[in-house]
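Two complexes follow with subunit A in common, the first pairing it with subunit B and the second with subunit C.
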Partner chain A sequence: MTINNNGMFARATPLLFGALFIIGLVAPFAVYPTFLMKILCFGLFACAFNLLLGFAGLLSFGHAAFLGTAGYACGMLVRDLGVTPEVGILGGTLAAAILGWVFGVLAIRRSGIYFAMITLALAQMVFFFALQWKATGGEDGLQGVPRGHLFGLIDLSNNIAMYYLVFAVFCAGFFIIHRTIHSPFGQILKAIRENEPRAVSLGYDVAKYKLLAFVLSAALAGMAGATKTLVFQLASLTDVHWHMSGEVVLMTLLGGLGTILGPLVGAGVIVSLQSELADKVGSWVTVIMGVIFVLCVLLFRRGIVGELQALIKRAGIN
Partner chain B sequence: MSDFILETAGLSKEFKGFAAVSGVDLKVRRGHIHALIGPNGAGKTTVFNLLTKFLPPTTGTIHFEGQDITTEAPAATARRGLIRSFQISATFPGLTVLENVRIGLQRKLGTGFHFWRSEKSLDALNGKAMELLESVDLGRFADTITGEMPYGRKRALEIATTLALEPTMMLLDEPTQGMGHEDIERVVALIRKVSEGRTILMVEHNLSVVANLCDRITVLTRGSVLAEGSYEEVSRDPRVLEAYVGSADINDAHH
Partner chain C sequence: MEIFGVPSALFGSQLLIGLINGSFYAILSLGLAIIFGLLNIINFAHGAQYMMGAFVAWIALTKFGVNYWVALLLSPLLVGALGVLLERTMLRKLYKLDHLYGLLLTFGLALIFEGIFRDQYGISGQSYEVPELLQGGVNLGFMFMPIYRGWVVVAALAVCFGTWFMIEKTKLGAYLRAGTENPQIVQALGINVPLLITFTYGYGVALAAFAGVLAAPVYQVNPQMGSNLIIVVFAVVVIGGMGSIMGSILTGLGLGLIEGLTRVFYPPASAVVVFFIMVIVLLVRPAGLFGKAA
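Here is the complex of A and B:
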């Protein structure tokens, strides 16, 4: 489960994934499905972000652009062109992948803070575009997106049906990320993150590897955004706002950067906190998030899942 | 084919007006172990960075196997078979020792961008990787996390990873730096072994290593070539002795 090979986690992982899968299947009968869908969408978004930061070592501060663009693209396809939801999701994912490629080509040769700044600047351009363009609905966003019928057959206005679609999308995305990390490509990505000059000296065009990682991450973030639009029947400026780019950093760090499950846990915590606190403390929510962020960075850098893993490891050794 | 595998002409590098390397004409004969020596700050590492394209030269040209590689991308130069090591050991510390060597072997598979393929497909390389590890005496460390190994072994691993690419020419930047006596002997033996059938250019401060390993020596001071020749010639050159005044290294090296 961690970046390093670790026998104990490697053996426990299939069991854990199996258990979580079953929980995912029965969850909508215990918890409000819309709430679960929100967690899964943001969870996938954070997992996609983690693929880039945790495994390729690239800090993007513009990931909201992919979430939001895919959301708008899916919304327009489904509402204005009347395509079926699965086509909407694929279309949104593709739009995000293309945008990811454009961002990537422009930013990938910079490193560290410069890379982050370029992604932020590009994402801001996307934000203003979404604000100004008529087709995206400006400040109102894209409202009244119908959920439609999956493959033209299954009515997604049923919340349980919608939940299982979201769950399937999440699992597919999660599988792609897991496989990417444990692929020949993932192996080279790790090498680049560990020692980039050495990877270059071994003949790897690191920029191309980073670009592919960026496009994959953008596409999966888009898959989350497109799905989210169907769930809430709305694509709005919130999704392309830089707050959202920051929130995904927070979710990932809180859950555990570079751990496969951390981002999902982080998304779960943040989404829960937001929905619990929104009525009670109003805009103080932002302050609370900030405090959590600071505590996370200062006190438990490995994040929730990372700290748990370290605990289990220590217990295993003793 | 020319006798010289690597040739530079008028190679220079300025950092904001400061000439770290100026007008270097370096010729390395195929099959030689060639040493590049000189005091600290002479520009040795900068020359390596230029040769491997990690830095663009301010002026001058570099030819490798008769081809002009002056403006090539560093990874492309590496793929030609001109592979460098670094002054400070360069490994992938979070990967296992076996995985490190596999990174070197992996490019040939051509599946580097296959994100959909299982990493188990890389197990096909394990045999070759183990062979390479055995050749540098690291076989029993295959599953160790690289970062946990002592420095000398990391250097050996670095050489094994470089060998995985079957380089025609290796550039070694102070391969024995920071090593104890035993490690030095091991690395020297290793370099001698891997030099068969290939060319080596190495930066080395330890002159006894240079004396018993290298066919030819280039002395660099303040960015320029001061002298070139065999160890005997260079060590008798009064200008070289002067450059080394105070260090007295060059005389101790005979013992």
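Here is the complex of A and C:
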């Protein structure tokens, strides 16, 4: 799987990030905040997934398990134990990280196609647990999770306050991913992706690096899931279903695999499409998602951001 | 009569259901293994193609009055032909890329098929009547066996072993095995490898559709029947490894039986027991029971 990296972008990125940050700050006054929060949650989820597929070359088809488990954990902590929201998010993230470690230890024993099938099967196991265990509410999910007061002070039932918390969580997650990719650790991940035998021969403990990347990606996906539970005051089976695992792959692929902003763009497009189409076309949403998938794989493998970068690069050369 | 404190009739019927499920696992994992061997693609649409096999039989019966026996032949042919078309127009373009793109493409196709059928027929199941010849049952002494269920196991095993025979003992099978080992050399020897690949994909898909027709009278025909099954079949494939045809068949049947037994002794675990076995196999023998070490 390819990645787009170019010196020119490295110089332009601080400007771009700064502009996006300001847009993020003023956006809730122009656009419906709940919609924005949904995009940011899924954006972080997709960025976390992209860290694994785009930079370490590992296709997990079970990332919904981390999103969902963290959502349930956060929901139980906040609703049933009455902890504050930030503790709920941390607790959910931790739960996802532990689950990610378990998945990772098992899945990295195989590679490629098998890796994808194993993560999918393990996630399905989590789905059945969520379905059958009383504490998760089965088919009904975990309903009526209160947003509570951040640090016991700020009332999050106010949508604008909630938005800034989600925005802060997203920025923190995004910063961690950005730093990881550009750290020596991230470089080794890329080396493993490009040529695993060579990385082994250079003396790197490949399994350890893969596992660490997996846990990190799972934890960040969990952070997105826990935050999402607070936003919608609900954790449900949809979040652990394999459809969700497929959706995050689609968001990443559509936005641009291995690009830093692609997953966010992809999440934005898919979430907008779904909310636009949901009441107009009913079950055709699944068909449309499938068609986008097929088109992305056949014609559009660089994704939106990847294509844009290629376009700018070509313009720069001419 | 009791076995381990469980009434023998219950024991027997759960074991039979296990064996039937196992037969479906066997056919589907066999198809996946054949396709993977030559195309290096994991066919995520396999479950959707199984579902379509069942739907084609159901539509043929209710709309056109085509009976079960014709459908058993017609449905795999039609769905297999669709498979050939998909291979020629789409999958073919991906062989030079990372294998994961094949998984992603077929995942998208599975979503499309499932969505179309859900839009047309809703999520509630349609029932398909057991053909007249196979209605009723026989009393085996320790249990009552519906004849149709016995037929499913026999037919599934016949197809599995027929496929095994074709691959291991015939000339076409020899080409196929050679193509799996080294397509370039086989091509250089004058064998039309692209055609072989198309045929293989079509055959794997037809197997899935055949399983779908067999399943139609046992389960309800509904758009989601394939997607839930295919994830279990993936676990079966991880447990067995895709290196051996006979391995796929035996693993499928064995896991079906274990699942049936679990349903007798501890029903809540029956949905996850295959995944649990997968975890143990990964810890003890990561390459799979019949797999070659990676």
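The rule we apply is simple: the second predicted complex is superposed on the first by the 313 of 318 C-alpha atoms of A that agree within 3 Å, B and C clash if a C-alpha of one lies under 4 Å from a C-alpha of the other, contacts with A are read in each partner's own complex, and residues count from 1 in each chain.
Assume contacts are C-beta pairs under 8 Å (C-beta built on N, C-alpha and C of every residue); 3 or more make two chains touch, one makes a residue touch a chain.
The model shown is predicted, which means the values in this text are computed figures rather than measured ones.
Participant: So in the superposed three-chain picture, is A:L59 touching just subunit B, just subunit C, both, or none of them (first/second/both/neither)?
Facilitator: second
Participant: Output check: A:V297 vs subunit B and subunit C. Expected answer is one of first, second, both, neither. What do you get?
Facilitator: A:V297 contacts subunit C only, not subunit B.
Participant: Is A:H149 in contact with subunit B, with subunit C, with both, or with neither (first, second, both, neither)?
Facilitator: Touch partners of A:H149: none, neither subunit B nor subunit C.
Participant: Applying the document's definition of touching, compare subunit B and subunit C: which contacts more of subunit A?
Facilitator: Ranking subunit B and subunit C by residues of subunit A touched puts C first.
Participant: May I ask you to decide whether A:G186 touches subunit B, subunit C, both, or neither, giving the answer as first, second, both or neither?
Facilitator: Only subunit B is touched by A:G186; subunit C is not.
Participant: Regarding the shared-chain residue A:H178, is it in contact with subunit B (first), subunit C (second), both, or neither?
Facilitator: neither
Participant: Please indicate which partner A:D205 is in contact with in the superposed arrangement: first for subunit B, second for subunit C, both, or neither.
Facilitator: First partner only, subunit B.
Participant: Under the contact rule defined above, give the subunit A residues that sit at the interface with subunit B and also at the interface with subunit C.
Facilitator: Overlap of subunit B and subunit C footprints on subunit A: empty.
Participant: For the complex, which residues does subunit A have touching subunit B?
Facilitator: Counting only subunit A, the residues touching subunit B are 3-5, 176, 179-180, 182-188, 190-191, 194-195, 197-206, 208-209, 212, 216.
Participant: With touch defined as at the start, can you tell me which subunit B residues reach subunit A in the complex?
Facilitator: That would be residues 52, 54, 73-76, 78-79, 83-86, 90-96, 99, 102-104, 106-107, 109, 111-119, 121-122, 145, 161-162, 165 of subunit B.
Participant: Going by the contact rule at the top, pick out the subunit A residues touching subunit C in the complex.
Facilitator: Contacts found on subunit A: 1, 59, 61, 106, 109-114, 116-118, 120-122, 124-125, 128-129, 132, 242, 246, 249, 253, 282-294, 296-298, 301.
Participant: Once bound in the complex, which stretches of subunit C touch subunit A?
Facilitator: Per the stated touch rule, the residues are 36, 42, 90, 93-94, 97-101, 103-105, 107-116, 118-119, 227, 231-232, 234-235, 237-238, 268, 271-272, 275-276, 278-279, 282-283, 286-287, 294.
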